[in-house]
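First chain written, first letter: the chains are A, B, C and D, and each begins at residue 1.
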Amino acid sequence: MNMATINDQITDEIRKEARRLLKTGEVAALIGYAAGSLPMTVKPLVVRCLEDCERLVWNTFCVLNLATYLPEVLSSVETPYDPRDPRPEEPQAKVAILATGCWSRNIVIQIQEKRVDRERVVVIGVGSRGMVSRAKVKALFPEKDILTVDEGDHELVVHGADFTETINRWAVVRDNCQTCAHPDPVLVDIRIGEPVSERKNPHPFQQVELLEQRSSEERWAWFTAEFSTCIRCYACRNVCPLCYCPTCFVDDARPQWLGKSLDAVDTGLFHVLRAFHCAGRCTDCGACESVCPMGINMRMLTKKLNKDVRDLYGIEAGMEPEAPLPLTTFPLASVEFIVADLAPLPAAARIVQPSSEGDESCKHG
Amino acid sequence: MQTWMISPVELDGLIQQWQKSYAVYVPALSKPATAATDCAPGWRRINAGEPWTLPVGPTPASVKSFYFPQPEILMTFHLEENHPDKGVMREPLKSHEMQVVLGVRPCDAASVLLNQLPFTEDPLFMAKCQRTALVGFTCTTRLSTCFCTEMGGSPHHCAGLDLALSPLQNGFLLEVLSEKGETLVAGCKLVPASESDLAVLADRRQGQGATSSYSSQLEVLKACALSRLYDAPMWQELGEACINCGACTFICPTCFCFDMQDEVVQGQGRRIRYWDSCMFPLYSQHTSGHNPRGKKLQRTRNRFLHKLKYFPDRFGPFSCVGCGRCIGDCPVNIDIREVLNDLVRRTELE
Amino acid sequence: MSWEPGIVVFCCSECRCTGVEEAAGSNCKAPCNVRIVRVPCASLISEYMIMSALRSGADGILVAGGSFDDCHSAGEKVGDHRRFVLLENLLEFIGVEPGRVHLSWESASPGDQLRVLIENFTEEVKALGPASKLVKQLEPVQVVE
Amino acid sequence: MISYMPYPVRIDDIVVETEDGSLKTFTLAFEQERHQKAWQHVPGQFVMLSVAGAGEAPVGLASSPTEGERLLCTVNRAGLVTTALHQLKVGDRLGLRGPIGNGFPLDREMKGKNLVMIAGGFAVTILRAALMSVLARRQDYGRITFIYGARTPGMLLYHEELRQWAQRGDIDLYVTIDREAPGWAGLVGFVPTIAAQVAPPPTNSVALICGPPIMIKFTMPPLEAIGWTDDQVYLSLENRMKCGQGLCCHCNVGPTLVCKDGPVFTRAQVKRLPLEY
């Protein structure tokens, strides 16, 4: 058998840390992944006892953003209290969570938006080497049933009933990971594995720019075709750590903003508004796109907004826990500026510039 | 009924003949250029001579939307001021156009029969049954997510189909299974299947009898007391991982929950019924705000128990055909086969 | 009869709507096609209101926010301005005609100026033609008599 | 075959029942005679009232079939549809689908028995229907105890009828309000407290209890203390429902569908169900 891969080593370290954290009582629960029942899948798992630590895995298919689960798991370990009583004052149990670059930025946003108490979270940082898109791998083997996929550091070995093929890992990494500039967590309490350096990325918004260059009619044709297969299952919404309204605007009855059935207009509006709500907050974790059962590229909309937010207001979401939220908090000085000529704000210094010594090697798998 | 031997060329001719008088639908494998046709996303209508391919295993979308479209217009009305019919509900005219759905797999055919159990009194569903002919292909490949045999089906079964095609070396065995099927092949000169071909088919079906030990375990599950399954600790972990999206319910061929609502656009109104999912919190929420299934765990449990306990309690069979779509598309890899196994283990613990 | 676009104007009643009724009622070129929605503060205009106007078939939507200078919720307004710029861009990105939804976030102006703004906007929308994108339409259904 | 098409009905009368205006009783008449002729219901059943453009909402029937052709529905203004309903005027049209559900077995299990009806809040509507049916054939039943509680005197429904029932002499009527209120000379106290004081023994009796879950929860122990069993107690469950025909699955409580198998269950039946109502 091959040498232990980087991810095998990370898995071992995660298990070790998990055991330690739970044993010492430092945390009451840990959010991670267990092996899935199908090739290229993992299951989110909340570990609460030592036995379950052995079920934790880390591999290149961890596409779901674990931050989605954080607020709920935090409240599940709180001492129960009657909602009519004041919150208990004693310090509440902590929760540990695995986080890559984008997930950690989502945790930062949860802290900024007061969804999560920084004191109660133990961030186990893992530098991301890019997660593989199951859809991309499947597309390489049309009409074939993939039975297992073995993971090496730079390649994947795909086995079917009548074939075995080795493919380059980076070639099937998700689009958002390929254009990601911040693969390393911005918030780390416990570090697992080696830090991954910032990536130089000359064209982070290439897909968006390509579409922007097309004509209005072509863009409309793209939009209608892309979203025509939506079945309104709301997986994109529910998997998103940014979506946490108790009642989503699609479900509102008074007033009812949108129709609920499959209608091109209602479906389109849902996606536009959902993306809009992520403006200035989206970290491009790609969970929405990864979970869509119909393979819709709704990330294009959030990516466009990310581009605008960066170009107009000079902000990248979730980079600093102390920073204010771009669309709700800002220095009043900038008010004058907008009034003056309605021009976009200059790119502020808050953009984290990719370091010039970015590690190019990781791009090649 | 009769079984024929048909070559691929003859089959193409047959399909072209249907296209003269019926709407013929095939699985859509890529995104359609325009909006979903006829409210059957995942399927497309083809014209004479247009090529089509059948995917291995179940079609991407189930045939559910042909019977239970999303949305279905129940009635229409006008709300414009001074309209003589203001507020009067009118029923839409039912279509009688025959439609042929080509490329149905045995699991989906079984799902139509299952859904007919609750919908037997529903005029809209049954009218669509009347005008829809299912032309199916039995499966030669079993995907790793397929588990139809476990649910009492078989890749070679043809129950629920009007015409069944089973691939052989140099063509297909064409089984005519209903009056609608008869109509579809009426007037065609076809070669009857030979004894040896029939024997091959019989042989395939023989080999795929119910896997006895598992199916007897499932019978035990059906008879198990509800409280025992309801209180199983397994729901905790499932409920925690589930993100409560509706992907599994919407791609499932046998999920049939619906909601009803009025839509009004510029004075014109209609009452529609559209797919709902028991995974959504609002599904069971009272007007008062009280929600009997307010927790994720309760909703996840309700979905599985509905399929594996409540439906069998009412109608007999499980409300699952083992197509495996939900396994492949669940964002958090909740695998109904694992749920089944856990439940079976639960019945064994005493 | 020539086609007149349907216009929805969301405007702040504190700083933009002064005299606007007269503007839309008596002087405006296409008075009956302009619907003015007055809100107590421009920061109360939500993306839902804009999108639902679009969905209901408005040919042009004008969001007329007021001055930041003398507004007690200037901060929120700036946030909304920032957000609406993004929304405008996003709509353009998906292929809605530029100019269908227009933001006018200017300093306090009497009704007269708003009237001119509405008139100009109406002319621009007229050039765009009727809205069809993101407009909800119910297909006609034959009914049992 | 089931149908989604409501019968057209007309509002013949509207009575504002409570001081806060949140409850109105609508008198409904069928627009078409054939619908009128075909209509049959039993107390405890409900209907789907539909307002075009707003949708449908389940509402319990407050009238008994013995009261003639008109149907009475007392509607609480709570959601989208009921708010739209409250805005309608006499003469307006609306749609009605039903009757839905099983209703109380007044002609079967309950016949010849002593009846105890316990109502809290506006759940009294279906018990009004039951009582009117019973009064129309008073000789078929034994002793009748009717306990009804509301928050304040102004929240009591059916004032005129309460007065008539009090005067009849063949009903043990106990009307109570939660707290002392000026001008109120009647009973004061929560329904469970009053029930504990006045509940008759369970011999040859059945109880019909309708009200908020918390009231039912606290009414049961005093009844059980004097020997009532779960088989003798009939409850009406409530759940969100849409189709009203046992199809859409919204109202399921375990394998049971409230709209089709219920809404009336004995307490023994309810206890066998999971707590999802």
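To be clear about the criterion, contacts are C-beta pairs under 8 Å (C-beta built on N, C-alpha and C of every residue); 3 or more make two chains touch, one makes a residue touch a chain.
Keep in mind it's a predicted model, so treat the numbers as computed, not measured.
> Which neighbours does chain B have in common with chain D?
A
> More C-beta contacts across A-D or across B-C?
B-C
> Please find which chain has its CA centre nearest to the centre of all protein CA atoms in view.
If we average C-alpha coordinates per chain, B lands closest to the whole-structure average.
> If you average the Cα atoms of chain A and of chain D to get two centres, how far apart are those centres in Å?
Centre-to-centre distance between chain A and chain D: 51 Å.
> Can you compute the centre-to-centre distance for chain C and chain D, using the mean CA position of each chain? Integer Å is fine.
49
> Can you give the whole-Å distance between the Cα centres of chain B and chain C?
So the centroids are 45 Å from each other.
> Distance-wise, how many Å sit between the C-alpha centres of chain A and chain C, to the nearest whole number?
About 35 Å, centre to centre.
> Among the residues of chain C, which ones contact at least 2 other chains?
Only 136-137 qualify.
> Counting only residues that touch at least 2 other chains, which ones in chain B make the list?
Correct list: 91, 259, 261, 263.
> Spell out, as numbers or ranges, the residues of chain D touching 2 or more other chains.
79
> Using the touch rule from the top of the page, what pairs of chains touch, sorted by label?
The set of touching chain pairs is A-B, A-C, A-D, B-C, B-D.
> Where on chain A does chain D make contact in their complex?
Going through chain A, the ones touching chain D are 253-254.
> Of all residues in chain C, which touch chain A in the complex?
Within the complex, chain C touches chain A at residues 47-48, 51-52, 55, 67-69, 74-75, 78-79, 81-83, 85-87, 89-98, 105, 107, 133-137.
> Mind pulling up the chain A residues that touch chain C in the complex?
Result: residues 208, 211-212, 216-223, 249, 255, 257-259, 263, 265-266, 268-269, 272-273, 275-276, 279-280, 301, 304-305, 308-309, 312-313, 326-330, 332, 334-336, 338-339, 342, 344 of chain A touch chain C.
> So in the complex, which bits of chain B are touching chain A?
31-36, 39, 41-42, 55-57, 70-71, 141, 143-145, 237, 240-241, 243-247, 249-251, 259, 261, 263, 272, 274-275, 277, 280, 282, 327-329, 331-335, 337-338
> Of all residues in chain B, which touch chain C in the complex?
73, 76, 90-93, 263, 265-266, 268, 270
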